[in-house]
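Contents: one structure, followed by commentary.
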């Protein structure tokens, strides 16, 4: 089992790189090249070995115990199909992020605050997936959070980044403590924290339910489940863009890995009702996440919110898998589970791509605010193409990969009538509706993102100066775009690669897909449903070129350029274009009034006054205002109240001692 | 003989408690110091009696220390300080005398209730003594709590120490180390308090220094 | 050999929808004109319009990007493929196995996505207003559509149109309340998706009320022709979708031979004629509603779909 | 105990005493500072040698067993590193004229006496002697807290003194009561105070008397541990004294009192029908944790901030020992050691920061990582460690404590987690303010010896990832002793 050794070697190498990065970063340019080059190589190696494991001997599992970590336990490290898959996701992301950063990192103005933590962050994520006992799992989990926190704080002079880092760190620690409680429950008072022991132990339904809820709190807060998502849109954009890509595209997946590992692998089968919780949470998260994104005008924050949506989708299909699994319906369970993993892969691909694109825009224009961008398609032709591909893919449109996974999830949703419980029968279609809503809103959201950022006319001076980004960044984005298309047209191969994981975790798998006629995928049965990404893509290409050719024949190819039709007054100022907020206005009016208590305030100047009319949009983040603000306020109030105890006179303190003594004596006198 | 011995030591210890109550009753520092001297005298008497009936000569030393330091030197010195600070007139009880008295009663009752549970094989003398000692300690603490001024806090603290000594001497055959440590700690206590008071006097008038919190930014 | 035949039949189908689409539009216009006591243009007018547009030169706005020029082809192709996937005169054709109902919906989504982008490309307010409203309507229509899919799939146990059509044609299912509800929902969705009255008015250029037209305002010449053609194909697609889902009777089963196919084709023509007539009547009878009434309208469709599904559970006894 | 010259016990006890005398006489700070370091090193080496050399049999006064050797070694080690830190710190104090050479002599002598007192407290087998030693240590620290003679410092010292001596009194009363309880069984005289004898025959003691005794001892020594609501002296004493003393207070003196508590807890546990001491410790521990956690938010003074975090951690430790059981006790011991190392390291960093910035006010200290990277990141690592984040030692102890508690009594664990989380929020909030943001205050380079700080942090880091087997076995043994 050399792969495990290779993986551990890679982790060690990453840590070593992190250590040498600190002194190196005195010479930024050199350090940037060396560090990112090194991480690029290491991650590539790790990806390769994990992939070979997943493809060749995925049914096996390699384990090894290192004499570190919890003394009487040691650090258990285990490589199985599930771990291998997530290692692929992590290290693929790491490889491409490093490649991207080779170019992007040159624009970094505080490299000494990024370079040491970047490899550590990657190492932490790898370790989480490899860990096979509670202690090393949580240790690497929190180490990952810590490294990413340091990266979020890289540009610490910006107060909003500091706030982001703070909220992030607190939420992360909350999540870890919840996981800690969960493992405490699983390990029992004897404290056998080894995953093998936990897997072997029998857990009562009560314990299983409690653990699942704790997992939803712990892993969910890291993954960004509503209402634990508040840190995510703050922290992800705050980091440098390649790190944002890793946090959004990969780290959330590590959280999902944690959920799968514990709930599906360690926990046995909990009560069916728990799957309802997961489903509902996932659906709400998907819909709310994308609604938040639609209200956003900061490009990177928009992407972060859309991450929340995708996490919701993944949790929906995990909930479906749980529902089927608890009702002993292996095939639909495998379908939902495979769909979830497929979407994990897809989201890691196109979200990284989109964040890279946002980073490219940021590095050439220095702007994240979409309302100051526009018309970039003329200045960054290549970036605009790959970003378009990413947008189509994330909007779940054929023939790209995003659609395949959502299609599979819908197929799983359509299996729900087989579920015996009324609750699920009624819940699942509703959640399906929520998912369809989320998908449509996602399309709207990315029409907005792409349209406002890349199309139209430049809105600011920063945009006019923009030019195409460097070669490394373009290469990284191109590879991702290609992968998006590839996974979209050849879904069967991916599903077959994922099958062993389902076998390992659920004990059931889908029928092998690669044997199907013309590479179409048939999750349940031919008569039931099937999809052939390749053919659809080919048909579209063929008919497009057909029509193109035909038109070339009949019509005149004449083209005349002229000013746009401006309804009388020509050449309005570019700012008169539809802004991000303006584009979202119809949807804001339909959904926002309920979700965000959104109000548009228009201040019209009096007649004769030439001052411009001003539009102010008032949004309230209900979740923050209803949950977090009161909590923080309560703690503050309590501390103010208690702080009076710091301000007593000596006599006051003495009387405290005195009262304590007398109370204890009284207790003694009464109780004994 | 034993009955008599018991009664005497018992009455002496009881007397100590009584004097503690008298201290609670005082609201002028000067008179308080007098009462404290009396307190010390009572203590040294009972210690001496213990030395007699336990024929433990080393206890005489303790008695002597108590008499010398607590009954004479310290009251005199404190009187000096009091006059120097010019606070020999002001009334500085926090709670009214009446409530304080009631609280004191409660404390004595509590200490009796606690000590009388002790199984009787610890001999009666010890039990009674402990009960009284405990009440003296608690009363001393109560005194410190109900007085505002640093000097009276010192006095209260020393009356508390007296209670300790009473207990220690009541504990038959307790090794010398304890008495020495008691005297030792009292000595240290006195010296340090003296220094600190002196310095405090030197810096600013009020001994109650809570307004420092403001300068320190803790009170906001 | 079979494969050749299959491809041939599929080709026929593609050609059929390709040729039929403008005719349907022309027919509807004609009927509407008649109902409004006008003589109206001839049935073939749409063909003439398309050809005229093809001949015209293209006027591009100054800052139109390559995307703006590529979009018409992409949208047309996507819609055409989608339309070719819907069984018209026969089920089980070659392409039917490559995609099911969800894919068809998604293909239309792709077309819409690119069209909305094109609306944003020039950077005029019209394009913006059109795109933003279009995506809003779509965001409401798609959940409703999924509910309909869900309802139908529950009845037929499949999302493949051919299977569904065969199943419903094979009179095993009697009249189902839930199917009726689903059909009404689908009609509403179709009206919205095709920018028909009461959601949108295809024949107006009154700026503030138009949605679809505003989006494509900057298009001209062959691009406009393609987009118009796409719209007509989409209309035909929805009509034949309704027909094949709810009135598949007489549809030719795969491999039944040319005769059955011809019968199926004839019946299909008959059905869409009726459908077109009804649509025209409906459009004449109703008025366009305000944009922000549309959510209620489509919300009704969603509710109907959900209701249909739940009723189905009840009738199946859960 | 054998009085042979090479007896390490004698070394541990006598070196400080002699050093104190010499230091009191010698002038000149350079020499004395070095001497101070030397003496601390000597006593540390003696203590370390106790690990390997055969231990003396428990005599009437001196006892060296598995439990207290942990404390002794830790104590002398931190004493040594602090003396190193204090050397560079005091130099600066002299330059700025906050201390005069006279006071400096006094300071060094007191430092050694304090070390002597603490070592004696750990080693004493006689509960009376232990009491004396603890008081000695306390009084010396009182004097050192007041050494700056500022109103604030004097007030702090005064507060510390009054509360401390009330604690003294209560502890003494408890000790007497223990003797009384033991007397009927053991008889009069010496024997009745020797801890080994007491614990051996505790079963026969008079339970009600023991209970009362424990209440007094708990409050008496608990005052020094800094348990809420007896904690009041602690923040001021930390804030107003010289920073090396703050380090020693947090790192060591609290442990001394804790050690005494543990001894008496074992005594009570040995007696069958006395009340379970755990309950009291759990309640007070949780109270201190929650109280300190909330108090952290309102702090304006950097040293007070970390003083309160000491209260919080003492609460956690006391809670752990109160829970008892192999895992919790192990966690408690580990947590105590890690806390001593980390907190003193933090105070080393804080000392230099306050010196270079010339203020203790949190509001005036910003962006340390930018102006003084080494110092700043050292502080960040320290606070991260104290906040219980991996890969540092406290994470391991909190992991064991929380998970084992949750399996046993969920509600307590939830309270514990809540407290930890609230404290975490406060600490990281302040850390964000101190370490990051646009720098404020002087950017002058600080002449500091980073050795002590990074030595401690390195130890904490290693312990967080890898605990050597012998240490583990030894801790487990001690945990078993604690029951």
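Chains: A, B, C and D, in written order; residue numbering restarts at 1 for each.
Basically, a residue touches a chain if its C-beta (ideal position, glycine included) is under 8 Å from a C-beta of that chain, and two chains touch if they have at least 3 such contacts.
Bear in mind the structure is a predicted one, so any value in this text is a computation, not a measurement.
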Among the other chains, which touch chain B and chain C together? A
By mean C-alpha coordinates, which chain is most distant from chain A? B
When I count C-beta pairs in contact, which pair ends up with more: A-D or A-C? A-C
Chain-centre distance (mean CA atoms) for chain A and chain D, in whole Å, is 44
For chain A and chain C, let me know how many angstrom lie between their CA-based centres, rounded off. 35
Cα centre of chain B to Cα centre of chain D, whole Å, reads 31
Based only on mean CA positions, could you tell me how far chain A sits from chain B in angstrom? 69
Touching two or more other chains - residues of chain C: none
Multi-chain contacts in chain A: which residues touch at least two other chains? 643, 646, 648, 650, 654, 657, 661, 665, 668, 672
Multi-chain contact residues (two or more partners), chain B: 114, 117, 141, 144, 153, 218
Contacting chain pairs - touch in the sense defined above: A-B, A-C, A-D, B-D
In the complex of these two chains, what residues of chain A are touching chain B? 643, 646-651, 654-655, 657-658, 661-662, 665-666, 668-669, 672
Please output the residues of chain C touching chain A within their complex, sorted ascending. 51, 54-63, 65-67, 73-74, 76-78, 80-81, 84, 95, 97-100, 102-103, 106-107, 109-110, 112-113, 116-117, 119-129, 131-133, 135-136, 138-143, 145-147, 150, 153-154, 157-160, 163, 207, 217-218, 221-222, 225-226, 291-292, 295, 302, 306, 309-310, 313, 316, 318
For the complex, give me every residue of chain A touching chain D. 67-72, 134-135, 138-140, 142-143, 146, 153, 156-157, 159, 162, 165-166, 169-170, 173-174, 177, 180-181, 183-185, 187-189, 191, 193, 635-636, 638-640, 642-643, 645-646, 648, 650, 653-654, 656-657, 660-661, 664-665, 668, 672
Note: in the complex, chain D contacts chain B through residues 126, 128-129, 131-132, 135, 139, 142-143, 146, 149, 151-152, 154-155, 157-158, 161-162, 165-166, 168-170, 172-173, 175-177, 179-181, 183-184, 188-190, 192-193, 206, 208-209, 212, 239, 298-301, 304, 361
List the residues on chain B that touch chain D in their complex, please. 114-115, 117-119, 121-122, 126, 130, 133-134, 137, 141, 144, 150, 153, 157, 160-161, 163-164, 167-168, 171-175, 177-178, 181-182, 184-185, 188-189, 192-193, 196, 199-200, 203-204, 209, 212, 215-218, 220
